[in-house]
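Both of the next two complexes hold subunit A, though its partner changes from subunit B to subunit C.
Coming up: the complex of A and B.
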């Protein structure tokens, strides 16, 4: 497919997506809202995974976003949009502090710490009833601007997609992939992993925090087990894995698949308790078994790009255009 | 003439285990020097200290007239000290071209990118052929060429090569060492660590022998090749012909 066609298609799709809230169909709005939130969370998780940082604790960032937005709205009576900015900043700060504290940890040890972070924050918020309402939770004491929430979710998802696509053209992205493959070897080529780790986790946490803030406004109520729900952690991973890890399109496709699949299994098999979730689970297991590289991997296999020794090598934009085949021969 | 790299009394180790107990050596401008030693002698540790991956516990490293001290690994690469690590360590999920691109990550290397690309592809035409292929799918020999090429992309002034012959078929070892010889002609200084003493001494002008974390002897390649210590420890006493250059 020519690149122009793809670009035009993507442009139309994104305009349509941003316009959806204005059609104002409640079911459609709810669906797109949840897809948008999952897109942000999935892109955020994928961003960290791409740098070799496997997170088992994205619900930590989500929950921080929930509480930051709620505090801004309830305690300081600030407009909700300021609350969302609070969520962005608070998420990034938590991400940065966490990264500084776990600077020397890699692999499993880092992953376990992220899980600890989300559970630790959940218990902490439970034990501060004066601030968070404890297990009773807290209600949003402002009216919910439905349309604005939908638009902000669509815009947020759109910006995350554009940002993650833009990143693939940068040195930043290359440094991250190098770190994922072999951190020591990347260091030997002059990559200093520390600033990249900080930036990746900070950005990732801010994205998920923003999504969490939106969900808190949308639900108008949070308690520690809603804010730091492990479901966010699980979904943040499943979506990129189903769609295709380390790719731009993967988390987006995955988010669509997960939300629609969960809804449809509930509609079709919701009559008997638990069956719908069982079927949802079985589909996910089969998907991972038969497409380990996700939907994107399947697509690439069909169109078979990047075959070993291919005659049409990918000319990367970062390679200096002046290098021609003629110059390469000695 | 003062040396490009000068190590004096270098000590280093891991936690309580001392590995280097005072290593001293020099590498001159555009000179190839090899560091020979058996398993556990401290060769790779020396490389790790030079590239800044582990810090020394004593001694000094002077490079280009200044003390390297506690310079961090990426700063050393920026200064022109580039390591091609033991066991190749290419990025398997990246294509050959992307691996090379990451090689020219530093400011020092970026402006030279186009020139270095053609140099590397000229040195190893196989890499140009395979440039769209994932590095993890290549043979050991091709990966070693890629590791060398990637290090060259960083525009090194001092190239540190850690066991480039490791795990390669004798025929491939010849190819790799031929490439090292050609790299040496381009005025890049090379410090070469090897167990394959004969191959290493065939490209180096001088060599050092490392044993138990200290230098036990050093001299010109010719002298070392004929010295009893090297013969006994690394080559074996049999008489050598060019036929077994690559065989340890």
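Coming up: the complex of A and C.
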């Protein structure tokens, strides 16, 4: 497809996406709302993964966003939009502090610490009932502006997509990729990892916090197990993996797939929580084993094979294994 | 009334059980260099195995423990060969996500099969206790501690003198040199993973009459296990023992001396985790250059 066609298509798709809340169909709104939230969270996870920082604790950032929004609305009686700004700032702050604490860690150890962060925050919020309501939770004491929430979610997702697409053109993106492949080598080439790390985690945490804040407003109630729900962590990883890690389109495709899949399992198997989580687990394992580049990888392999096939003699894939673009980029 | 004696006894008994819990984690990291995010689920399945053996056939959890360990070792070996071995040379990300995904599957299979209800096996000694003056020693914890001590002792002897134990230590020291000495490294990896799973299953069987058994118990223990491993120094078996007892002492102290301590003691592990990373990121027994 020529590039112009793709761009026009993307433009139309995004305008349609942003206009969806105004159609005002409850089912469609709920579905797109959840897709938008997952797009933000998945892009945020992918951003960190791109720098080699695997997060197993995105629910920590999500929960911080939930509580920041609730505090702003309930304790200080601020408008909800300000509450969402609170969530952005609080998320970024937690991300920065966390990165400073774990500055020397990579790989496994960083992942373990993200897990520890989300569990630690959950226990802390459970043990401070005067502030958070403890296990009883807290209700939002303002009316929910439905339309605004949907529009804010769509705009947030749209901005995240544009932002992540813009990032791929910058030095920032390549520095992060360098850090992922070999931090020492990146340092030799003049990339100081620390500011990049701070920026990546801060941005990523802020995105997820914003999504968390929106979900808190939408649900109008939070308690520690909802705010620091492990499901957020799980979905935030699975969406980019099934779509294609380290790509712009991957998290978006993945978010659509995951939300629709979760909906369908709920229709098919009732509200049993275990089934959809089990399916997510199976998808995660199968994708890592057999499809580590996700849907985007499959697409690239398919298109490059077609292009290559048009001017070269037919080769059996087993006899002449072809190096595709998907495999070449590590 | 004086709590110190009681707190000390409680901490020591808890520390022994923690040690068994994390030993497999330390072993699999030391030998295979893989952090196993499904270790907690192996503990959970071991606990359910012991629970069902007791509930259906009335078999004492400690009697069924050897059988469960053998099953666990076999399952671990097969699981390693089929799923983890293919990603051993893949980037770290894939290994983390793969074991995390396997854990997710096991948790939810348990949730679907056995619901989220809390259970516990109740052998006759569950509620028995020995009294020494002011100090109360629950028999169940004492038995759990003794079993753990025996198993850990056996593992140390195996590591020190056993043929395969020596081979796994050799791999932990230098994988390439071990290969040159004729050690079948892929086989040893799968074998160590089996041993690590068996230890997890054993600690699960012990937990079944001490803690509540639920499909989610593994996750809590996993996070505690990581805190211990990092506190002790990653890959160090001695460090893991020291870390277990330190965490047990810290948790017990918080539970006894802080208001609302029982709830807060759940958060001690995370505090320990972050403090260790701030002050001494390579742990008690680790060396700065390691990792």
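By our rule, the second predicted complex is superposed on the first by the 283 of 330 C-alpha atoms of A that agree within 3 Å, B and C clash if a C-alpha of one lies under 4 Å from a C-alpha of the other, contacts with A are read in each partner's own complex, and residues count from 1 in each chain.
Everything below uses one rule, namely that a residue touches a chain if its C-beta (ideal position, glycine included) is under 8 Å from a C-beta of that chain, and two chains touch if they have at least 3 such contacts.
Given the structure is predicted, the values throughout are model-derived calculations rather than measurements.
Contact with neither subunit B nor subunit C is seen for A:163 once the two complexes are overlaid on the shared chain. Contacts of A:139 after superposition on the shared chain: neither subunit B nor subunit C is touched.
In the superposition on chain A, no contact is made by A:22 with either subunit B or subunit C.
In the superposed model, A:184 makes contact with subunit B only, not with subunit C.
By the touch criterion stated above, A:115 is placed in contact with subunit C alone, subunit B being left untouched. Legend: residue contacts after superposition of the two complexes on their common chain; A:234 is shown touching subunit C, with no touch to subunit B.
Touching subunit A in their complex are the following residues of subunit B: 51, 53, 72-74, 77-78, 82-85, 89-95, 97-98, 101-103, 105-106, 108-109, 113-114, 117-118, 121-123, 125, 128-134, 137, 150-151, 153-154. Here subunit A touches subunit B in the complex through residues 171, 174-175, 177-178, 180-182, 184-192, 246, 306, 308-310, 312-314, 316, 318-320, 322-323, 325, 327-330, going by the rule given at the top. Residues 49, 52, 54, 56, 101-102, 104-105, 107-109, 111-113, 115-117, 119-120, 123-124, 126-127, 230, 234, 237, 241, 245, 272-275, 277-278, 280-282, 284-285, 288-289, 292 of subunit A are the ones touching subunit C in the complex.
If you check the complex, the residues on subunit C that touch subunit A are 35, 37, 83, 86-87, 90, 92-94, 96-98, 100-105, 107-109, 111-112, 219-220, 223, 226-227, 230, 234, 260, 263-264, 266-267, 269-271, 273-274, 277-278, 281, 291.
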